[in-house]
Each structure stands twice: as structure tokens, then as C-alpha cells.
């Protein structure tokens, strides 16, 4: 499947924390760690676990820009 | 200002394309390029231009995860 | 690629309207038409055109619920 | 109230799962089930329960498109 | 229609700017002006124009918090 | 840090409710209360507590408009 999201960033899962319904997954993208907040169900479906290769996917309209 | 968004990724602006009301800004984050779709007004306010240091900011709930 | 987004709705493209930087794509999902606002670049990359089979993908945290 | 969100999809609630602060509500839209992640407070306010008619509401800028 | 979005802020439209496909609408909420980026089609459907009473609607998961 | 988000609304924290992984923070913006759903980790990092001055930050593309 190919998706319209402009940002598909390849990395490796470094942390998975499940909550009651929502999980936090951290992915290391070449040294930068990105945090995703997804459903517990998705964690199970994608069999996400530490060390697994994964992509952080972000729609361009969800990215903001900041400067110092 | 410090923001709750979990993802504040430091990089350098490599492209700015303005549309009628919406602009696309591309930021190089250590070799990975992230695309942001923001208002033209924001581009002006932040004086974004190629070569400028900037951050791509993404809320954790806007990050998805994908696997091959 | 398998994605964490809970909503991957199969349908057919019924309209593509490009703007200056942003395009609107309408997908018929079994009789219900869903509108997506994506970048022009994505339309080109995915070769989206009327009649093509496609999926509308939405993260669960981006879905609201309303009642009459 | 009429809303700007382009996608207001009529259906019926088929599942409500409350977590600590966040609930997952599943709505059947003519055979396609859409999952919404909303606050527990919203579930109470809207008196959402299985069998109730409801709408899944999604802003066009939150819809992505994918192809096989 | 009653919506799950936690933030339904009553105000008055103070500016409408249409682009190629995307419009910016500014709403004064008791002295604070909120900017919405919506489709041109929504502006037409809702007959939005300066002076009209309207609500800015935001899902709780789309609100970030910042401190100085 | 200056951010591209068009909406940076100054107010005061009036409620903080932590869940398993996700917290709800309510900020009074000149009489209007805005609810943010953010990670527990952000609440800790920003030392958010009732009475503290804070900003509700929302990207323009996440704001919808409604009329009666």
C-alpha cells in the first residue's frame, strides 16, 4: 500500500507503552526519536515491539514549523 | 515558549513553496526531509527561507506507525 | 505496508480537483463519498484519477462523533 | 448546528469502549465500520451506546489516500 | 447536531480569505481571534461572511499546551 | 521558540486530569475554557498545574467552523 502522507520516516521501535486504550510508541529515525500515540489495537495488529523496523507516518498538514 | 508536542525535530529549511493560501515547507532533519503544510502567513511571520534553522513540530497523536 | 490508522476504507476515486498546492480528492466508499484534502504532489505520486480504486485512510483520533 | 467538516457519515454505534480518559467508539456506516477515539466525557455527553444512530465526522484535511 | 469535539467556541466571523481550494476564516471569540483553514466549499455551504455568528470547533486531541 | 500554529491562545490552567497515558488539561482563555488532550509526559515536562499561566495552541488546519 502506498499512502498520500508526505512523511514516511523509516526507523526502529525503541519503546512501546500501552495505556488503557491508547499506547505510546517511540521510533528512532536515524538518531532522532519520534513519539506516536496510537491505539492499543494497532500495536497488536502491527505486532510492534522494541527492535522492530517501522515507519513513523505523518500527514504534511499535521506538521508545524518553529524557529528559535 | 515550551510546547507539549512530543516531537520537536531540529533541522534546516531546504525548500519553501507558497500556494494561494497554503505553503509547503521542507525541513532536513539529519538527512531525513520532513514536509510541512502551513499557512503563507506563517511563512512570513517566521521569515522561513532556504538555509534557515528550524524545527518540525508534530503532536504525538498525529503520528501513525507503519510496518512493511 | 500496513498502517496503524484504524480506518482504511476501500473505494473508488470519483473526483480530483487540484489547487495551487492542495488538492481535493473524493472517494466513493460503498455509496458514501469521502473528501480528502491532500497535497498536489501526492495526487501525482499515487497517480490518482477518476475511476481508480483507492482507500480513504483516517486515524481514529481524527474522527469525531455527532448525534442529531 | 452545521459544520464545515466535509465528511459527516451517518451510521449506527456498534461498540463503545471506555479507557481511563479516552474512549473508542465504532460506528457502522453502511457496512463499513469506522473507529473514533474521543474523550470519555464526550461519550457521556452524547449518550453514545450500542444501537444509537450517530455520525462519524472527519475534516477533509485529516483524510489521507492510499492505493495498492 | 451535537458533536463530540470538546471545544465549540462561539464568536463572530471577522475575515474570510479564499484561496484556490483552501480558505482561511477568522472568528473573534470574545476578543481572541481564532484562524480556521477550511475548504472553499465549506465557506459556501455555511454561507460564511464577515459579521456572521459562528463557532470555532476543535477536537481536544488537536489542542497542544505551551508555557513561557 | 516561535511556532507556525496560527492559534496561540493565552490563558490559565483550571484543571488537569491524568489518565493511563493521556491527560486532559483545561485552560481558561478569557472566560472560554478550552480542553486539550495531551500525553501525561507533557504535563510533567511543562509542570502544568491549576493556576499556571499557559497557552492553548492549535494549528489552523485543525479548526472547523460551525453555524447554527
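As written, the chain order gives the labels A, B, C, D, E and F, with residue 1 at the start of each chain.
Methods note: a residue touches a chain if its C-beta (ideal position, glycine included) is under 8 Å from a C-beta of that chain, and two chains touch if they have at least 3 such contacts.
Note that the structure is predicted; figures quoted are calculated from it, not measured.
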**Message:** If each hop has to land on a touching chain, what is the smallest number of hops from chain B to chain E?
**Reply:** 1
**Complete:** By Cα centroid distance, the chain farthest from chain F is C
**Complete:** Residue numbers at the chain A-chain F contact, same meaning over half shared and different meaning under half, come out as different
**Message:** Centroid of chain B to centroid of chain D, CA atoms only: how many Å?
**Reply:** 29
**Message:** Rounded to a whole Å, what is the gap between the Cα centroids of chain A and chain B?
**Reply:** 17
**Asked** How many Å are there between the centre of chain D and the centre of chain F, using C-alpha atoms for each centre?
**Response** 23
**Message:** For chain B, give me the residues that contact two or more of the other chains.
**Reply:** 1-6, 19-22, 24, 35-39, 41-42, 46, 55, 57, 59-62, 64-68
**Item:** Chains grouped in pairs wherever the two touch, ordered by label
**Value:** A-B, A-C, A-D, A-F, B-C, B-E, B-F, C-D, C-E, D-E, D-F, E-F
**Complete:** Per the touch rule above, chain E residues touching chain D in the complex are 1-6, 36-39, 41-43, 45-46, 55, 57, 59-61
**Fill in**
Residue positions on chain F within touch of chain E in the complex are 3, 5-9, 24-25, 27, 29-32, 34-38, 42, 46-48, 52-68
**Message:** Using the touch definition from the top, list the residues of chain C that touch chain B in their complex.
**Reply:** 1-5, 19-22, 39, 41, 59, 61
**Message:** Under the stated contact criterion, what part of chain C meets chain E in this complex?
**Reply:** 17-24, 35, 37, 61-62, 64-68
